Structures are given as C-alpha cells and as structure tokens.
C-alpha cells in the first residue's frame, strides 16, 4: 500500500495508472479496482467558493491514514491500496483526494474503497478553510457530512 | 452519459481521463468521482484460466445498458456517467468493464457506481465463455455471483 | 408476416442454431413459440426471454415482426 | 521534562497560538493539562485530543515527553 500527502496539484488518473503499472506481481490476480476521487467544488453550503487551504497535522495525519487503510485491507482482504491527499492551497476543480483499491472480487473493492473514504473523512486530521467569493473572507469548514 | 462496447482492448484510465476532460460544463460542480474497473483474472472457481470470449446481443445490450445507467443517474442525481464494456476475445489482465460516475457529493457517487455495476451484472446481456489452462477446453460461466 | 427468433451463448450451442423464424399468429405467446419450435425440448430452467430487445415474460403475446430472443442467465461485467 | 502541546485549525486561531509547553507531573491527564494551560477557557465542545499522534481520551494520563494535540472535528477528503 502507498499513502502520500502532496502540497502541489496532482493528477489522480495518471498516479493511479503509474501505481497500477508497478503491481506486476498482482497481474491476473485482481478482478476489481474501485477508486474515488474527491475534487474541490466551486460552491459549498449554497455559497460560491474560490479557494481552499487544507491544514494537517504532520506525522499524525500519515499515521492515521496508514492505520485506516490497513484496517480496510485486513477487513476486506484487499490486495492493494493507494491513497493520495492534498495539503496546502487548493483551487476549484483541483483534486483533493484519491483512494484506489484492488481485490479479486467486486464487493470487497466497493466496500473497501468506501470504508477508506468514510474513515478518512471522520478520522484523518485535515482541516479545510475555504474562501468565499462574495465576501472575500475565509471560513473553516465546520464538519464533514456523513457519507 | 456515454455507453460503449469495444471489440478490442482499451485503457480504462486513459478513457476516463479523456472523457472527464470533455466535461467542461461540469468543472467545479462535481466533488466526487467514483469508478470501477473489472479486469480478467487468470483463475476462476479454483481453476487457471487463459482466455475468455464475451458474447453479447447487439442492440439489446446497448439498450439495456442505457436504461440501467439512466436509472442510476435519475435515482442518485448523478451529473455524468461513462460505461465501457469489452466484447469478443479477452486475455487475462485485460480490462473487461469500466464504470465511472460524477456527482456533487460522495454518497451518490459510491451508490450510483455500485448500482450500475450490480444492474449490469444482473441484466445486461453478456455471456462469458472461459478457456481453462489444464484441459484446454472452454466452458460457459454459469452465472454471476451477487455483489 | 413472421417472428424472428435468436438464441445466445450456451443455449445457442445446445440447440445447434443461432436463429429461427416462425409464422406470426393470433394469441401466440413467448412460451407457445418455444413449444412450437422445440416440441421435444422443454425450455431449460432459468432461460430468459426478450421481445424486441427488452426483457419479457413467457406469457407475453407476440405480434407480427417481433424479434424474440432466448438466452441463459447473463454473466457480463 | 516537559509536555509539548499543539493546536490546529480554528482552535489554533481562537487561542492565537500553535504550540505550548508544560511541565510533566504525576497524575496529569489531558483534561488537566488543558485546564492548567487555559484556566479561563473551557475546552470547546467537540474538541478532539491526541497523545503522541494517536487519538486519546481526555482522561488519558500523560508522561514526560508526550506530545499532546487539541483540534476541532476533522474535515478532510
């Protein structure tokens, strides 16, 4: 498994392709790949948003991600997992997070990918501060909505 | 939405990237992309498999896919969907199906992507015939397992 | 003035043919059509039917020009 | 012989500081630590705590060298 934090924009599909190319020993063993990409929208809670800053807790964020991905691998018997998450300044339409998992069968892939996203949303120490278009002020996002 | 059948190998991540590049009017509106890629394994029901042939019902297969994707778009309020499915001769480790959906929020994306796959598995007229390594004979896959 | 019939996958192989034609007639259902075509062969369990490329019950009444298909459970994806 | 404290996000801004230090002592819990550092400020509701980069209860006993963090609900992904 690989967990990465990035402080500059990344291309989820290119990352995914590159990572999968490296999974030579799994060729022919995985029948299912599920992935999720979270992208910054230009609106939130009814207001236009023009920018975001993602704060994190260096050290703990990586540890928590590693734990929650390992839990999903174990629970669903996944073969592999990749998580990339942005930190720092983000603009609308830029990717925030990529989660991808590989497994023999589809149910495990769907369940595992979703569990990683839900656990990431509820446990991984990231905090979003978004800048509103109208007032040019920024506000902390209060909490994640349940999935 | 786009539904495609392909009789030659395709690259799901490149297709996905290309399709998403064309979604200019959705930029900033989607916060969630969920995708699933089904890949041919080199084993099934405990036996080594070296090849597969995917038969379909030209006309009905496309119609059924269009219906089931439209149902998911409607039910979950998805913004867009892309489905590509192979037909013809397939080798282990080659992609069989790509499903990708775009939505504002993650729950709809996860649910919609999964519903499309489950409906496709249970309704879309495709039939797999796989060739076994040991006996060099081929057999029809009897039925899809529930997801 | 005919109905066109298609068979797919393992059913096509068991029957040894991919297509048939049969004269349309009043009151003919999908089940009737099978029995007329294959009087010595009960419809295999789990066989699915479609009329004009949409899933149909075996009791569905057929009309001139309909395309009927019989096939085993689907295994795509 | 100290405990290192970190604050994040909106809590960091409300407090006007990102880090603190406090002398370790016997029987000191995470909740005690907050009260000693901020006697006039009750811990904001929903505040989360971590000790040595793992989530911890407020009743968790602290030891010399521990790193304690206080932060609001997380909003990543």
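Order of writing sets the chain letters: A, B, C and D. Residues in each chain are counted from 1.
What we mean here is this: contacts are C-beta pairs under 8 Å (C-beta built on N, C-alpha and C of every residue); 3 or more make two chains touch, one makes a residue touch a chain.
Quick caveat: nothing in here was measured; it's all calculated off a predicted structure.
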item	value
Longest centre-to-centre distance from subunit A, chain (CA-based)	C
Centre-of-Cα separation between subunit B and subunit A, whole angstrom	23
Inter-chain centre distance, subunit A versus subunit C - centres from mean C-alpha coordinates, in Å	48
Length of the line joining the C-alpha centres of subunit A and subunit D, rounded to whole Å	27
Where subunit D touches two or more other chains at once, by residue number	77
Sites on subunit B at which at least two other chains make contact	38, 106, 117
Interchain contacts (touch definition) - all pairs	A-B, A-D, B-C
Subunit D-touching residues of subunit A, taken from the complex the two chains share	38, 54-57, 59-60, 63-64, 85, 96-97, 117, 120-129, 140-144
Subunit C residues within the subunit B interface of the complex	6, 8-10, 50, 53-55, 69, 71-77
Complex contacts: residues of subunit B adjacent to subunit A	11, 13-14, 16-17, 20, 27-43, 92-93, 104-107, 109-110, 113-114, 117, 145, 147
